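Letters A, B and C mark the chains in the order given here, with residues in each chain numbered from 1 onward.
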Amino acid sequence: MAADFLLQGETISRLLVGLSVTLRISLVSVALSLPMGVLMGVLFTRRNPLLRAVLRVYLEFIRVMPQLVLLFIVFFGSATMLGLNFSGEVASVIVFTAWGSAELGDLVRAAIESIPRSQYDSAYALALSRRQAFLRVILPQAVRRLLPPSVNLVTRIVKTTSLCMLIGVVEVVRVGQQIIDFYRFDYPYGALWTYAALGLLYFAICWPLSLLSRWLEKRSS
Amino acid sequence: MHWDLVGSYAPLFMTAARVTVVVSLGGVALALLIGLLVAVIRLWRVPVLSVVAGAYVEFSRNTPSLVQLFFLYFGLPKLGILLSQEACAIACLAFLGGGYMAEAFRSALEAVPVVQHESAQVLGLSSRQALQHVILPQAMAQATPALVANVIFLVKESSVVSGIALADLMYVAKDIIGQSYDTAEALFLLVVSYAVILVPLSVLGTYVERRFADGC
Amino acid sequence: MSASATNHKTALEGEKSLSPVLELRGLVKRFDDHTVLDGIDLSVRAGEVVVLVGPSGCGKSTLLRCAIGLEKIDGGSILLDGQEVSGRERSQELRSRMGMVFQSYDLFPNMSVLDNVMLAPVLVRGADKAELRQRALALLDRVGLADKADARPATLSGGQQQRVAICRALAMDPEVLLLDEVTAALDPEMVHEVLQVVLELADEGLTMLIVTHEMAFARAIADRVVMLDGGGVVEEGDETFFDAPVTDRAKAFLKTFEFHRDR
């Protein structure tokens, strides 16, 4: 039942390299999703029916499809259909940015729409213009409501990047598999310990984010 | 895109869709049970158990489903716990979903005003009776939108079971792409299959969200 | 300042000009095919306090919302100082010269009390911040809330929030102040502190159009009472309205505030 292979320097450094790939995909995707998601959410509250319809279809498609399907479409599909050969990591960033900005766009829309009508009335009654009311009164309140679910979205993205291994990205779970393979004969319990360790590793990243999100939520209410 | 190929692959996807649906249904049913149980344990603050339940919820929600699945499928056999691929897939969705369902139930249970508990108490109902006849019926309405959202989430997450070579929709698509390079056809059928399963659920989700918007 | 409202009326009678500050002519407002306001004529003279009463759903609040341009009107016109301001493009000018306080106060929860008061003068008038700050603090001081300037609205009681909302409207120096059931959402013990502030404003000669269900307050503050029902003005008068209403509908309405027990 020994698990000392997990504590060997080489194992740890390999896991850290894998983890850095996981975090790189997550962080780049989150950073790209932020401006795109906010833009999408604001556009969604506009009255233009054509714009709404196009955004709606895009949003619904991205949100209803499993992320793994999206990964397959971008990784395998773009090569066949568009002649574009993305590396697994680039394909992953594309997918998680598309997904992240769609989810964030929906959160932004919901946050804006959750601000009561009476806040607009108050602002208008004070003679603020539509633009002033939106930028100075509505948006700051929406951002406060937006923070907790956005932090949650980051944890969802971090967790979901584990799927990237299924399109050949050597992120932390794939590294784990390699380690299990490598120690297969010396450590028959390798799979048990390695997956447990991977679980703990993700937990160590995602749980604090979940706590942060909950804290933000409590503070804002 | 070759439509004749699409036609010839379609039956494969029909069979695979059945696997996806069966695994999802099994996972959802167990997740609902676990979720309700965990939520009630935490609502009643059952000693010891509620701490365990809390830890379970945090762990199931803050680790990737793929890692949970690999642990169940590759890790547990080392301890002599051997599960079939299907059982493993369902157990994984149940473990993952249980945490999400528990949170949906819990926030709905907590949203029922304290006065409702007190009213039931002063009428002489036991806590079990109060839960069953007064609290749960009110909480269910409140919980429904989140529960439906979780069902959609779990069906989507079921795509990871292809990672343990269970022949679900993802697995079949991957197989066709790997074997015959009919990528466009495979992806088309994959998207259509998931759309057929998920779009009605998503529409239902939007409906219940509107219908239960005020928790009634 | 604590002089009774009846006194202020006689004292200020001479100062009141006869030209209306706010005038509604043939105001029509429909929601779908339900006509809420069916050709209302109403004018408020400078320094005058007009109280609107009437049963729930008679369109009192809608009238205020139309007057300040929050609702699009379906007919008639709104005049401010004899100038038509009902056109869509002019609604912002209209608003900057009027103020409104809502039933549910609706302070901006993300700003301090002081910032709530200062926001509109800064954004709309481009007011000098340092100067405005003094004025805003003076306003808050007048309603007894100078010590709450840096507090968030959520930490204040309903009565305090409503007094801040009044300051927020006053900071724009409105020519007319509209009050929409400003005490309806308050606990009984807070009603008085808010209405006291409104009475003081009346004493200072502020022009106001007030919707209220507080009949004692209405009687105390009104120079003129206007009762709305069925989309139109049912009856109009001074405080005699309360003691000797003329129309049957006014009688029936006032009866709903009385209680008798047959022994």
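The definition used in the following text is that contacts are C-beta pairs under 8 Å (C-beta built on N, C-alpha and C of every residue); 3 or more make two chains touch, one makes a residue touch a chain.
None of the values given here were measured: they were computed from a predicted structure.
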**Q.** Pair of chains with maximal C-beta contact number
**A.** A-B
Q. Among the chains, which one keeps its Cα centre farthest from the Cα centre of chain C?
A. B
Q | Identifier of the chain whose CA centre is least distant from the whole-structure CA centre | A | A
Q.
I'd like the Å distance between the centres of chain A and chain B, where a centre is the mean of that chain's Cα atoms.
A. 19
Q. Cα centroid separation between chain B and chain C, in whole Å?
A. 54
Q.
Can you compute the centre-to-centre distance for chain A and chain C, using the mean CA position of each chain? Integer Å is fine.
A. 49
Q) What are the residue numbers in chain B that touch two or more other chains? A) none
Q | Interface residues, chain C side, partner chain A - complex | A | 65, 68-70, 92-93, 95-96, 98-100, 102, 104, 106-110, 119-120, 123-124, 168-169, 172
Q) What part of chain B is in contact with chain A in the complex they form? A) 58-59, 61-68, 70-71, 74-76, 78-79, 152, 156-160, 162-163, 170, 173-174, 177, 181, 183-184, 187, 190-191, 194-195, 198-199, 202
Q) chain B touches which residues of chain A in the complex? A) 60, 63-69, 72-73, 76-77, 79-81, 155, 159-160, 162-163, 165-166, 173, 177, 180, 188-189, 191-196, 198-199, 202-203, 206-207, 210
Q | Sites on chain A touched by chain C in the complex | A | 116, 118-119, 121-129, 132, 136-137, 140-141, 144
